[in-house]
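The next block holds one structure in the form of C-alpha cells; read it before the comments.
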Amino acid sequence: MTDVLFWIMSGISVLSAWRVFRTDSMVRAAYWLMVSFAAVAVILVLLSAEFLGLVLLLMLAGEMTIMAVFMVMFMMNPAGLNPMTMVHQHRAAIAAGVLSFLGLGAVGVFGRFPAGVSFATRDVTARLGMELLNDSMLIFQTAGVTLLATMIGALAIASRRGRYGLADEDSIEPAVENSQNAGEGPPSTEKGSA
Amino acid sequence: MTVETLLLVAAALFGIGVYGALSQQSFVMIMMGLELMLSGAILATGTLWAMAAGGTPKGQLLAIVLVTVMAVEMAIGFALVVNVYRIRKADITEKLKTLRG
Amino acid sequence: MTDWLVMVVVTTTSVGLALTLGIYGTVVLDRVIGRSIAGEPLRLTRALVGPFQHAALLLLQQRSDTERSDSATWAVAPALLGALAAAALAVVPLTPAVALEVSSGIVYFGATMAMVMVAVFLNGWSANSTFPLIGGYRFVAQALSFEMPLVLVLIAAALPAESLNVADIVRSQDTLWNVVRQPLGLPLYLIAALGVSFLGPLGLPDGIDLAGGTVAELSGTALLLWRAAQAAVLVAVSAMGAAVFLGGWLGPWLPGSVWMALKTLLLIALMVVAKHLFGRVRLERFVVVSWVVLIPVALVHVFLSGILALRRIGS
Amino acid sequence: MLAALGAALIVFVAGLSAWLAVRRVGDVLNRPETTGPQRIPFSGGDPPAVHAWNRFHARYYAMALLFLAFDMEMVFMYPWAVVFVREGMIAFVEMLMFIVILMLGILYAWREGALEWS
Amino acid sequence: MVMRDAVAEGLRRLLIPLACRAPVRVFALAGVNSPTNIDDLRLRDDICLVDSPRSANVLWVAGLLPAPLQDSARRVHAMMSHPRATVWSRPSVMTAEHATLFPHATIVGPSEDLFEALRTVQRALLTKRHASDEALLPDEEPAPWRGVGPYGQGGTGMTGGVPYGRPMAERAPDRDGLELDQLPMRIGPFFPPFPSGLILDVRLQGDVVQEVTIAESLFAQGNVLSSGESQGDLLRDPFRRALTEPVPVGELELARARHHLRWLAHALRVHGLEALGRRVLMFVPALEPGKAGDILALRRLLDRIRTFDWSTAGVGILERQQLSGRGLGPVARAAGLSDDSRLVDPAYDKLGFEPLVHNDGDCRARWRQRLGEVIQSLALARAGAQPAGGAGSVESPRGVLRPETGPTPALLTLLPGLVRGMEWGDAVTTIVSLDLDVREARAASPVETPTSGKPAVERDE
C-alpha cells in the first residue's frame, strides 16, 4: 500500500516538476511546483516524518502563492497568452540536468548507507522539540537571527526609499557623491525626496 | 520504497531543478529551479533520516534548516528581483550585464 | 487493512454528512439571521426549503465562460476549496469514536487552511477578468495577514494538551474549556476564521465593489459549487473552533456528537452575525492591524497560555 | 498514525471528486457552450480594451517578503508546543528570545511602512 | 449517450419544480422614468438582485435607456447565461428607437404587477414555455493570433500578439517606481455600485487607481433631462417642482429624508451590510414628520459597529476651498461649510433653520452628515404645509438644484483628482459617498476642466 502510494507520488512529483518549465502561464508554473512539493511532502509523511511533511505543506501554500504573485509581477505576458519559450543554453542545461541526475542517482544506488535502525514512530515531533530546546538550541536561535536578517535585508533591498533617496533615481551615498563630483558623477536627487 | 528508489526520485527532482536554473532566462523562473533542487535535497534528507540515520531528530532538524534556507532564498531572491527591476527595468538575465547597482 | 478500510469509510461518510448538514445549516442560519437583522418577518419554512430551491435554480443555469480563461484551473479551484474543507474536517473529532488521531493534527489543519489561499487565488485569476483578478489578489494579502494568528492560537491551545493532536486538545479541556482558560484565543480565532472563509468584514475578495469579485464571472453550477465550498470552509473552521475552544464533544446529558454539532452551529451563527453586522474593512488597514496588533497579541497569547499551563501543572 | 493520514488523503480526494462530479452534472444539464459576446468580461457593460492578465502590481509585495521569513517561526513553534510543559521555563525563555528577535523584524517593517500599499 | 440524456431528463424533472419556487435572479438595468424603483425589489422575498449579469436569469430593464447606453445594455444582455429572459418596465411614453431594443422582452406597463411578471417569466423559462433569449449580438470569431511569430506567438516580441482580438496591457510608470503594466478599463454604465449611466475610464496598476476620466459619451448626447423622456421622473420629484412653484416644507423635507435613507441603504450594501441596508429601506415608506426614533437607534447602531466608521474614515477627503460656493449640499456641509440655500428661503428662516455641519470632509463625515440631516429633516417636516421654494433654485438632497443643472457636474469635476492613487475599494467608497446622479450631468459643460480639483492624493507620504 505505501509502496503504491510512494510510486504514485514520486511520479506526480517528477512529472509536475517537469511541467513547471513547460507551461506558458506563470501561475500554472508556480502551482505545478507546489504540486511537486506536495507530493514530496506526502512521501515524507510515508517515511514517518509526519511533522516535516505537513509543515512543508503549510509553508508551501504561502510560498508558492507568493511565488505566483511575484512571477506575474515580473514576467512579461505572465499568463502565456502569447505562447513563447524563454530559454538559453538549452542543450547545456539539459546536459547538466541529466549529469546531476546520473551523478546523484549513482550515489543513491551504489552508495552504502548505514542500515536503518528502528526509527521513532510516535513522538517524532516531541523528540524534535527536545532537540531544538537542548542540543541544537544554537541552531534554533541562529535561525531566528538569520530570519531577522532576511526580513530586514529583503525589505531594505526591495523598498524604494533608500537612505539616500529613491532607489531608482541614482541614489548615492553623500561621501561617494562627493568623490564622484570631483570627476563627472551623475547628478543625484535630493536626500530623502520621498 | 527503498533508500535507492527514494534517492533516485530526489536526484530526478534535483536534475530537473538544475536544468531549470540553467536554462531559464527569467529571474523568477531561475528561482523555481533552485526551489526544485532544494526539494530534492529535502527529500534526500528525509530519506536518509528515516532509512539510515535511525530517526535521530538531528536529521529532521537538517530538513527544517533546508526549509528555512528555501524561505530565505525566496525572500532575498524576490527582493533582488524587485530591486533590479526597479533600477534596470530588467526581468531577464540577458538584460543584466553587470551586477553593479 | 480491513480496519483501515472501515476507518476510511466511516471518516468519509461522517465528513460528508457533517459537511452537507453544515452547509445547509449555514445557508439557513444566514437567511434567518440576515432577515432578523433587517427586521423582516422570519418565514421559517421558506428559510428551510430555500437552499434547495436556490441550488436547483443554479443547477439549471448554464455555466459561463470568459475570453481566454484558464478553464482547467477555473474548474479545479472550487473543487480544491471544497476538498480542503473536507480534508480539514477529517481531523476534527466529531465524536469521541470517529476521530482521526493525527498526531500533528493542528499542523495538518493549518496546512489545509493555508491552501485555501491557493484555491481562492486561482478562482480569481482564472477568469481573465479584472474584478475577479483583483479579488484574488486581495485574498492573498488577507490570507498572508490572518494565517499567522490562526496558527498561533491553535498552537496556544496545544500547549496545555502537550500534543498537536486535536482529540488530545479536546481531552485536555476535560476540566475547563479553552474558551475560559485562554480568553483571547476564541476572538482571535474567529477573526482569522472570518478571513479564511472570506465572510463579512473580511469578504474582500468577493465584495460588491468588485461586482462580486471572484464570483463576478461565475454562474450556474460553478457559482453553486463555489458558494458551497465557501460554506464548507466555514463549517470546517467552526468545527475546529468548537473542538479546540469549546470542548468539542465534551458536555453533560447529550451525546458527544450532538454537543459537537451544537457548538459548531453556535460558532457558525456567531460568524454569520458578524457577517451581517460588520461591514467590509479596508484591506490596507486590515493588513497593518493584523501585523501590528493581531500577530503580536497572538504571540503574547501563546506565552500567557504557556505560563498558565505551567502553573496548572506545577500546582 | 500513517493510517489516519491516509484516510485524510482519501477524504481529500473524495471531496475533489464530489465537487468535480457535481460540475459534470451541471454541464450535462446545460451545455456550457457560449458565444463570443457572452464571454466578454463584465465591468459594467462595456468590453475591456486589453486582457485583464497583466504584470499585476501587488502592492503588498514587501509584506509578502516579510511573511516568507516570518512564516518559518511556525515550523519551530509546533515542536516547541509539544514539549513546552515538559521543559518548563527553559522552553519559555528560549522561545521568547526567538520571538522577540523576529518581532524586531515586524517592528522594522512597520516603521519602514512596508505593510502599507506601496 | 442515450443513457446520459435520460438521466439528465430525469434530474431536470426533479429540479424544475424546486427551481420554479426559487427567488427570481434579477440583474437590473436602471434607466429613466421607471414606474418601479429598484429599491422596491430589494425588499422582496421572491426576488434576488444579483451584482453581475452572469448569474441572473432575468434582465430587468427599468424604464427607458438613453441612446448612449443602449449598446452597453445589449452587451449586458449578451453576457447573461442561459436560460435568460428580459422584462422591461416601460412608462407609457416611448420613442421609436426603443421599440427594437430588446425584441424578446416581456413588457410591463406602469399599472401592471412587475413582481408577478418577473416570477412568471422565470417559471416559464425553467419549464421551457418561454424560450431562452437568443443572442442579440452576432457571435464573432476572435481575431487569429496564433502562429505568427517564431515561437508561435501572435506577433513580434512577447506582447506583440492580440490574443482573442485584444492586445495586452502596457507598462506605465508608477508612484512606487516599478514600471509594471497599466490596465486601462472602462467601468460602467451598469456597474452595480455606481449610479446607472456613470461611465469611468480607469487606469489601474495593480488595484490602485492611477487615473480616472469621466467618459465623454456621458455628456455627448446623454442628456436625458431635455429629451422629454424623463418628465415622469421629474414630476414625481418635489424638488423639481419646487423650482417653479412653492411646495410644502413637510413634503420637501420628507423627500429629503427618504432620499438620504435610500442613499444610506445603498452605501451600506456596498460595504457588505446588505441586511442593514434592507432595514434602512424599510424605514423609507414609514417616515413620519417628527418621529426620528428609529433613525436615532440606527445611528447609535452604526456608531457602535465600528467597521463602517473604519472603512470610511479618512477616505476621500475633500477640502473646503474645493467645495465652497458651488452648491454641493451635504458633501460641502460634511467638510465644514455651512453652504445651504435653505438659509435664504424665508420659509426655513421662520423655522429657525440652521444647517448641520461636519468637519472632516471624508466619507465618514458624509454619511454622518446625511444621517444627521435625515433627523433634522424629520424635525423640520413638522412645519407641514408651509410653502417653500419656487425661487428658481432649491436645496435638493444632493445640493443646489437649478432648472438647467444640479450639483453632479461639479462633483464629477472633482472626482478624478479625488480618487487618483486610491485602492479600488476606497475609490468605490468615495464615489458612492458623493451621491451622483448622472441625469444632472449634461448641463455640466465639458469645457469645465477636471483639473480644478486639488492635486492627486499622495498616500505614500
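Think of it as A, B, C, D and E in the order they're written, each chain with its own count starting at 1.
As a working rule, a contact is a pair of C-beta atoms (placed from the backbone, for glycine too) under 8 Å apart; a residue touches a chain by one contact, two chains touch by 3 or more.
These numbers were taken from a predicted model, which means no experiment stands behind them.
Hopping across touching chains, the smallest step count from subunit D to subunit E is 1. Comparing chain pairs A-D and B-E by the number of C-beta pairs in contact, the larger count belongs to A-D.
Distances from each chain's CA mean to the overall CA mean are smallest for chain D.
With centres set at the average Cα position, the gap from subunit C to subunit E is 33 Å. Subunit A and subunit E have centres, each the mean of its CA atoms, that are 46 Å apart.
Per-chain Cα centroids separate subunit A from subunit B by 5 Å. For the pair subunit B and subunit D, the distance between C-alpha centroids works out to 21 Å. For subunit E, residues touching at least two other chains, in rising order: 12, 15, 52, 54, 79, 81-82, 142, 163-164, 166, 168, 176-178, 180, 183, 185, 191, 206-207, 423, 460. Residue numbers of subunit C whose C-beta contacts span two or more other chains: 59-64, 67-68, 102-104, 107-108, 110, 125, 128, 130, 137, 140, 144, 147, 151, 164, 211, 216-217, 220, 284.
Residue positions of subunit A touching 2 or more other chains, listed in rising order: 1-2, 46, 48, 50-51, 55, 58-59, 62-63, 66, 69-70, 73-76, 79, 81, 122-123, 125, 128, 130, 132, 143, 147, 150-151, 154-155, 158, 160, 167-168. Across the assembly, chains come into contact as A-B, A-C, A-D, A-E, B-D, B-E, C-D, C-E, D-E.
Residues 1, 3-20, 22-29, 31-33, 35-36, 39-40, 42-44, 46-55, 57-58, 60-61, 63-65, 67-68, 70-72, 74-76, 78-83, 85-87, 91-94 of subunit B touch subunit A in their complex. Considering their complex, residues 1-2, 5-6, 9, 51, 53-58, 61-62, 64-76, 78-84, 86-87, 90-91, 94, 97-98, 101-102, 104-106, 108-109, 112, 114, 118 of subunit D touch subunit A. Those residues of subunit A that touch subunit C in the complex are listed here as 1, 25, 27-28, 31, 34, 50-51, 54-55, 57-58, 60-62, 64-66, 68-69, 79, 81, 122-123, 125. Interface of subunit C with subunit A (complex): residues 1, 68, 70, 73, 102-104, 107-108, 110-111, 114-118, 121-122, 125, 128, 137, 140, 143-144, 147, 151, 164. Residues 4, 7-8, 11-12, 15, 52-54, 69, 72-73, 75-76, 78-82, 135, 137-142, 163-164, 166-171, 174, 176, 178, 180-191, 194, 199, 205-208, 423, 459-460 of subunit E touch subunit D in their complex.
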